[in-house]
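Two complexes, one shared chain (chain A), two partners (chain B, chain C).
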Partner chain A sequence: MKKLITAVVSIGLMAGATSAIADMEADRKAFVGHFKSIQPSVEFADYTNGVYAYDEGSRGQFEEILDGIPPYEEAVEKGAAEFEKFGLAKCAALADPAAARVKHPYYDDAAGTVVTLEGTIRKCYNEQTGKKMGPMKGKVARISAWISDQAAGEKVNVKVESDGAKAAYARGKATFYAKRGQFNMSCADCHVYNAGKKARADILSPALGHTTHVPMYRAKWGSLGTLHRRYGGCYKNMRAKPLMAQSPEYRDMEFFHQAMSNGLEITDARYRK
Partner chain B sequence: MKKTISSISAVVTLATLFMMPTQAGAKEMTDEEVTFGRKAGNCLACHMIPGGNLPGNIGPPLLAMKARYPDKATLKAQISDATVRNPDSIMPPFGKHGILTDKQLDQVTNYIYSK
Partner chain C sequence: MKKLLLTTLTVFAFSAQADYLGSSHNWNDGSSDPFKAALAAAESGYAANLKAHMAWRDTGKMIKEAKKLQASGNTASALALANKAHTQTVNAAEQTVGASSAGPRF
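Now for the complex of A and B:
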């Protein structure tokens, strides 16, 4: 925690912060302010396009892909059919798909845990079919993508209100800023402090807006994957042992990560390199 | 997980090779290969180095190193564990975390020092 505070203060994000109590809205404003300071010409709303807000060349490719038939279109259509086939609309939490995307992730005070959209989909699938669903790709990613498509144009709006929610948020934030793995890097090292810079030829994507297009289609994967699938990949790249997708640690981190994108539009443009 | 295992085993394999320099058939990497190799130093991921293609720009260009590090041992120490001087450094601690062997650290130091 001490290291985290040092890191945050060192880039002037939390000047004057005196309380250890998680204040999401203050964090979010400082987060947005940081990106404004490193990339003054990029508009806040454009962060919904992630790394393509930073680089004209790759944005051109991105737009060409979206102008054609995006490589994930068939998978999302399949997700719609699966939503129907498995009877997921029968679960109250998913009956209104657009509302479900906007509501998640949220802190469930009764259960004392962060609930993600994928968590709700898997639970509902289990209730309706008696079977288990994987947490990273395939059905869960296709169905989550279709549900999220229904909320395209609405804004990310994570609420951190109760004491339990604040504690989960603080844990997620600590995970995001903690160094890990043989490479000793935090998520923030690349995606906050060095966003927009290049690792070899790859531009480091800004954490602001990361969660507007999840589940994402990655060319590297050749398929759709959930946010937690991506977390696992990042952990591996840092030569850290990935945690289980939908583990409490990843759910807490998603809670923080999504909250930082509050106010950005949810998009159905899911393509990433 | 499989990939992690394979990259770890690649590192272990390399480390083993360098711990047994007399082993027949063990092909030694040149200083440049250790510095540029993606599974070794991969210094170009973050640093521009004269002679290297597609460098990143997360860290400073590695130029005039003799002027910046009059004492070569200080440069090696920096590569070995940059967090000593700056705990927040994004640079992996190549020696401390065993990413490179001591011999490989010397090879990278030598190569960078010549730039």
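Now for the complex of A and C:
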């Protein structure tokens, strides 16, 4: 039995390897086309507002929150002060914060790995202070939010060019579409095929535009959190064991996930229920 | 959504669990202690799931809990839980097949 599983798994891995000849742009067009077909009246640019592009009911509340002082404003200001205090501008990769947000995530050919904005922030923090920074909330989320604010209005523009990048993209795509956990569901089962439908008290957000406002503020958390914090929460909802934030698997998935939002505006409207 | 979930679960239950466990997995083989054998099967299955990044949320907890039950002399419940944990690991292994080449339906 074990032998059989091993055999089947290796065939699966081989299949995975061939799909590494990934065409991100063709994937993205099909992805956008899918959302256009399920919600023809929603404009592409509106996907930057995440679930509020679909959820007319709570959009008013969302806009009211943005018109006032959003609950994360203080945290983002603190992130600015922390960026300064820890000397993060001394790291070349963060010296121009707006450019840093637009550049990440990217595939580093020399290192052979996907580099996320949070990964770069944590590395720089470690270089400047000798200390370690957590990957999901607190400092990393505040600083990442402030950096991302500097790029508000610019567009998500993930590049998948080298063979290594294509392989990482293909792995991330598979992670997104694979069924996992006790409910035997994939990310796409909720955020692609059933986007806009209700799951208990929530309207399921479209994966298109999922990464324009990261790190996000969530009323349920009462704080900012990174994209990988959210990945962990959704894994748990699927009754799958979450992976570590900033694990290679999550970074690959982010590479795919962000690429699918290419062309959408980065926004500082971080509020979500 | 609920309907979708139910359908998915049902399909899954029929297609994976039923056939899979019946004939091919006799985890009592070669041991006179059914709990030990069930626990070993659950633990090795779980280790493989973790390695493939496809582990289920509660399997680890179930294994821990089964050990506790066994230690407190509740052998029937311990065995049942260890078997349930093992079943989870078999289903997770089933999901692992093809996971690395998963893609969209469009």
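By definition in this document, the second predicted complex is superposed on the first by the 253 of 273 C-alpha atoms of A that agree within 3 Å, B and C clash if a C-alpha of one lies under 4 Å from a C-alpha of the other, contacts with A are read in each partner's own complex, and residues count from 1 in each chain.
Here is the rule we go by: a residue touches a chain if its C-beta (ideal position, glycine included) is under 8 Å from a C-beta of that chain, and two chains touch if they have at least 3 such contacts.
The model shown is predicted, which means the values in this text are computed figures rather than measured ones.
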In the superposed arrangement, which partner chain does A:Ala219 touch: chain B (first), chain C (second), both, or neither?
neither
Look at A:Ala81 in the shared chain and tell me whether it touches chain B only, chain C only, both, or neither; answer first, second, both or neither.
neither
Tell me the contact category for A:Val192 with respect to chain B and chain C: first, second, both or neither.
second
Between chain B (first) and chain C (second), which, if any, makes contact with A:Ala201: first, second, both or neither?
first
Determine, under the contact definition given at the top, whether A:Lys241 touches first (chain B), second (chain C), both, or neither.
both
Who does A:Ala45 touch here: chain B (first), chain C (second), both, or neither?
neither
Superposed model, chain A: greater residue contact from chain B or chain C:
C
Pick one for A:Ala95: touches chain B only (first), chain C only (second), both, or neither.
neither
Those residues of chain A which chain B touches in one complex and chain C touches in the other
182-185, 189, 193-194, 197-200, 204, 236, 239, 241-242
Residue ranges of chain C in contact with chain A within the complex:
1, 4-5, 8-9, 12, 24-25, 50, 52-60, 88, 91-93, 95-106
Help me check something: in the complex, which residues belonging to chain A touch chain B?
3, 6-7, 10, 182-185, 189-190, 193-194, 197-202, 204, 236, 239, 241-242
Given the complex with chain A, which residues does chain B contribute to the contact?
1, 3-4, 7-8, 44-46, 54-58, 83, 87-88, 90, 92-93, 97-99
Chain A to chain C touching residues, read off their complex:
1, 4-5, 8-9, 12-13, 15-16, 19, 27, 30-31, 33-34, 171, 173-186, 188-189, 192-194, 197-200, 204, 235-236, 238-243, 249
